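Paired with chain B in one complex and with chain C in the other, chain A is shared by the two complexes that follow.
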Partner chain A sequence: MHLLEPVLLLQFLVSGLLAGALYALLACGLNLVFGVMRVINLAHAELMLAGAFLTYVLYAWAGIHPLLAFFLVLPALFGAGFYLQRLVVERVVGKGELQSLLLTYGLSIILINTGLLIFASDFKAIPELQGALIVGDIAISKPRTAAALLAIALTLGVYHFLKHARLGKAIRAVAEHPDVAMLCGIDVVRMRMFTFGLAAAMAGAAGVMLTMIYSFSPETGADFILKCFAIIIIGGMGNFIGALYGGLLLGVAEIFVAGFVSSQWAEAVAYVLLILILLIRPTGLKGAADVT
Partner chain B sequence: MKRIHFLLAGFGVGIALASAGVPAQTKEIVVGTSVALTGKYARTGQEQLNGFQLWVEDVNRRGGLLGRKVRLAYYDDESKPDTGAKLYEKLITGDKVDLLIGPYSSGVTLAASTVAEKHRFPIISAGASSSKIWARGYKNVFGLYTPATTYMDQILALAKEKGLKRVALIHADTAFPRDVARGVEASAKRLGLELVFKEEYGKASTDFAAMILKIKALKPDVVVGGSYLPDSTAFMRQAREYQLYAKIFAFAVGPGLPDFGPNLGAIAEGVMGNSQWEPTLNLPGVKTFAKQYEQRYGHVPGYHAAGGYGAGQVLEAAVKMTRSFDRDKLRRALLKLDTTTAFGRYKVDATGMQLGKPGYTVQWIGGSRHVILPPSVAARKTTYPFKPWDKR
Partner chain C sequence: MTEPLLTINKLDAAYGPVQVLFGVDMEVYRGEIVAIIGPNGAGKSTVIKAVVGLLKSRSGQIVFDGRDIIRLPAHAVPRLGIGYVPQGRIVFSHMTVTDNLEMGAFLIKDREQRRRSVDAVFAQFPRLHERRQQAAGSLSGGEQQMLAIGRAMMLDPQLIILDEPSLGLSPKYVEQIFEQLEELKAQGRTLLMVEQNAARALTLSDRGYVLELGRNRFHDTGRALLADKAVRELYLGGR
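Then we have the complex of A and B:
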């Protein structure tokens, strides 16, 4: 077949990067929480869906365009994450992984069923930002491009914030050694609230974009969360920027496998990559357990 | 055998009585079923239950079954096959119900029908279309739904009639979409259409770009999907992005649901799909039922509700035919029965699979869903061909 035409290969690359950016946005938040407090948040995809449903409600009831709703959803999810950490997640920090898994699993069940009670199991989506920009012979999906730009801006923004801002440095200190951070006068609980808020806001941002890409129901989270786990292991557990690389790599690898082998095999790519990375470089692409 | 019903009491499922009323002179007839009141099929399950209950009210108003009052015994199967199986065990051995109606979804029905078969108890399946249910040699499962393998037949016949040749087929990798795909392959072959592309995808696929680019290179006339709602909407959105064009786009499930249009906006226009039943169908009993249902429950019934009501009517017809509640007699009657309910015709083959009821083809025209095929019941004329993307 004419699959080896340069135009098609370039199209695959572009489409793969765009798909990967959305993965990255979701995975970065997951990795941030793990990096700072060693909590694997199984409810992360449900936070994304909370953002998606909030966007949907704003659109359906008030006619607010998702790209504008973004400015309402982000603070709302940040607040929700902030207090979720204070009320619930903080209790399992430092208590071992099993407890945090149980807690966040419970949280995800509660969120899914609350969603089912309010929205039933119908699928929602928002018919805005349709079609693609055609550059030369390459089609660049509008909603996915918006999502990718947002994902990269947010991820790099949060990265620089962690690296250079005072608050960001404090968060890294908490990640590295909570006890020493506390001795230095850092309010570790507040830093963790801030971290979870940030992660929830990033999930919410992915949710906003999801409304224009995919039809979602309260149970859609499962389609995304497993891949996110693979991504953070590929990128490096707890390594914030590693998830960006991992997400992009997965997006591109999936589309090339779907193109040259079959779509069914694309589903396996995440896990094959996972095994390869664990064999060759067990700490992930960017090395594990370093917030920066 | 395990005393499963003790376990179930622990799950907190409660039995509920259908409408009370005048006390029956003789012992009442109990119709047992499980419904999805919670879990992923909660909404459809509730509609199905409404349909059952409406039938119970109606049949009692007509004097019951052979003069005996009918009562519905139901439990919540949580949309889960194993819970469904336990509940049918309880209905048959614990509650000793007289008649059985099946649950919603092919998954729960596969599990529940195994229990019914074990007890040699005829069960009317009111909410399943996977042909796998009838491929196991069971003698006690009688379907109401049009089987998935025939879903795309009318659309492929339309393609043939329009002189189209090249068909691209995509489908998800679960039981129901595979059935649809098998049906498409068989029908395409029978009609002399050329299957130029066939690919399966995982249920969690959210990106169809690669598939669409490959299909685009093959320039198909027809794109058919064995799909659900999220994948069919994602596919059409991306088809627009990559300017994939075909004269007919048709998908299982997705376009048949009310959410398809609102989720896609203008992209939905012209997309075809399937329906088991529509409240606007030009068939006897349909409009009366739809009106009665809407008055009672305050919304337009979907096909799940009509299937529930129709299942009751099939039981009623079989009991009338045999003038008894004997399971062996009922089984024979259900095999022979040829009747029309508010859900459409009922006539099964030797395995109990539905053959008499055609599927209906719908199309999104002007922002809403209309029945376009078969012509005898169509509400609108087919819009053909699919409008090119640059002309929208």
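Then we have the complex of A and C:
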């Protein structure tokens, strides 16, 4: 079949969007934390893996289906993020990039090694959802579709919350002017705990999805966090919805490059896009001004 | 005489290791307009930041409505009935005018009640109502200051504290802001303000405090301070 067949292009596009949705969900949480408290969370991908291993444990020990585990992993990671912020991350808010990078790098090392201690470095997978839907002439992987739909729904849900809910607006107020937000009666420390909890829950959800479509080990986070950095710069630093666009764009670009060139080159796509964006539009697709 | 609404008693405050206020005393009675004036670096804004809790490093007494509030965190202050208008007409620039006002009423959980509060401020500032769906960042400087004042009034506070309300505004907007302050005075509201436009501030105020290097220097009625030779020479450009 010729590479420029419309069917094939459509197949690439769909596959790319499905892959990009997971990136988007992960990167949106990373960008939310950065936007609200100017902390770059190097342990964000490890929170995703915490979600993935929790899903794995629930599946292996209790036979709970990943799609059901979703409802347990989300609140668990929210709680973990909430208290992580209170106990640790809050201390470096407003103290400059270096401190927050060192702290979250330390956190990621602790999480990775805890994972290695418990699960060793073998790759795990959950072969629960399998198969493909055939729509017209294209095939859509069932687990990827389920994961992508959940990811998009969750991302848009959080976006809507930030844009319209009373608490969501308060989070944006804290992001822009913490002092003035305080004197509106907003408990900014609590809002940041909530924000980190929300980001951790999104990472945990990404972890649940990860189990459905990839095999993973405690060290899988590194591939993802680097791509997430590229995504948030492509989308706009600190801009939540920008990370959604950036994630989808990266997913599609990777699949096209893998299809037309080679899958080795696909790994470089994130960084080529990153350089292009920095040259053409350094503030990212959506600009870096606002959380939403 | 009745109890003051706000009493500041022997207030010390510091930025890190640098002490800025040394035993400052002040009182604000209900229905009064009180101005704090003084040269740059006198600690005028510091007094305000210490009162509302933005400056943690402080000691002495700050009694509001019969209660010492010096240990309260800033986010607990609005609930007491203190509205704060920050220096530099700070608004949440990416949010609409309406959303900015809603943030001022964050403590009101009931949506209907919040809406009534927003409507009350719109009634007072029709200009804000015209712009209600616009992003606050797109407003003119004067409108942003209006919005900051409106936001501070959302909880119908007993005391409104303003930090340099006319700073950085063009003369036309300075005029507008002082007209609004006149209006608030006419409504019988209680205002404590720091203002570099000392002559205008004292004309509007019932009483004024002159600070110098973090200490009380003069204290009298607005009119008396305006007439005082020393104050005029030192702080009002010798007119």
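Basically, the second predicted complex is superposed on the first by the 290 of 292 C-alpha atoms of A that agree within 3 Å, B and C clash if a C-alpha of one lies under 4 Å from a C-alpha of the other, contacts with A are read in each partner's own complex, and residues count from 1 in each chain.
In this text, a residue touches a chain if its C-beta (ideal position, glycine included) is under 8 Å from a C-beta of that chain, and two chains touch if they have at least 3 such contacts.
Given the structure is predicted, the values throughout are model-derived calculations rather than measurements.
Novice: Does the superposition put A:46 against chain B (first), chain C (second), both, or neither?
Specialist: It touches nothing on chain B or chain C.
Novice: Which partner, chain B or chain C, touches the larger number of chain A residues?
Specialist: B
Novice: Examine A:255 and indicate which partner it touches, taking first as chain B and second as chain C; both and neither are also allowed.
Specialist: A:255: touches chain B, not chain C.
Novice: Quick one: classify A:12 as touching chain B (first), chain C (second), both or neither.
Specialist: Only chain B is touched by A:12; chain C is not.
Novice: A:176 in the overlay: touching chain B, chain C, both, or neither? Say first, second, both or neither.
Specialist: A:176: touches chain C, not chain B.
Novice: After the superposition on A, what does A:184 contact: first (chain B), second (chain C), both or neither?
Specialist: A:184 sits against chain C, while chain B stays out of touch.
Novice: So which positions on chain A get touched by both chain B and chain C?
Specialist: Residues common to the chain A contacts of chain C and of chain B do not exist here, since the sets are disjoint.
Novice: In the complex formed with chain C, which residues of chain A make contact?
Specialist: Chain A residues touching chain C: 166, 169-170, 172-173, 176-177, 179-188, 289-292.
Novice: In the complex formed with chain A, which residues of chain C make contact?
Specialist: Checking each residue of chain C against chain A gives 52-54, 73-79, 84, 86, 90, 92-95, 99, 102-104, 106-107, 109, 151, 155.
Novice: Under the stated contact criterion, what part of chain B meets chain A in this complex?
Specialist: Residue positions touching the partner: 39-43, 170, 173, 199-211, 213-214, 217, 229-230, 233-234, 237-238, 240-243, 257, 259, 262-267, 389.
Novice: In the complex, go through chain A and note every residue touching chain B.
Specialist: For this pair, the touching residues of chain A are 1-3, 8, 11-12, 15-16, 19, 116, 120-128, 130-132, 139, 141-143, 213-217, 219-220, 222-224, 226-227, 251, 254-256, 258-259, 262-264, 266-267.
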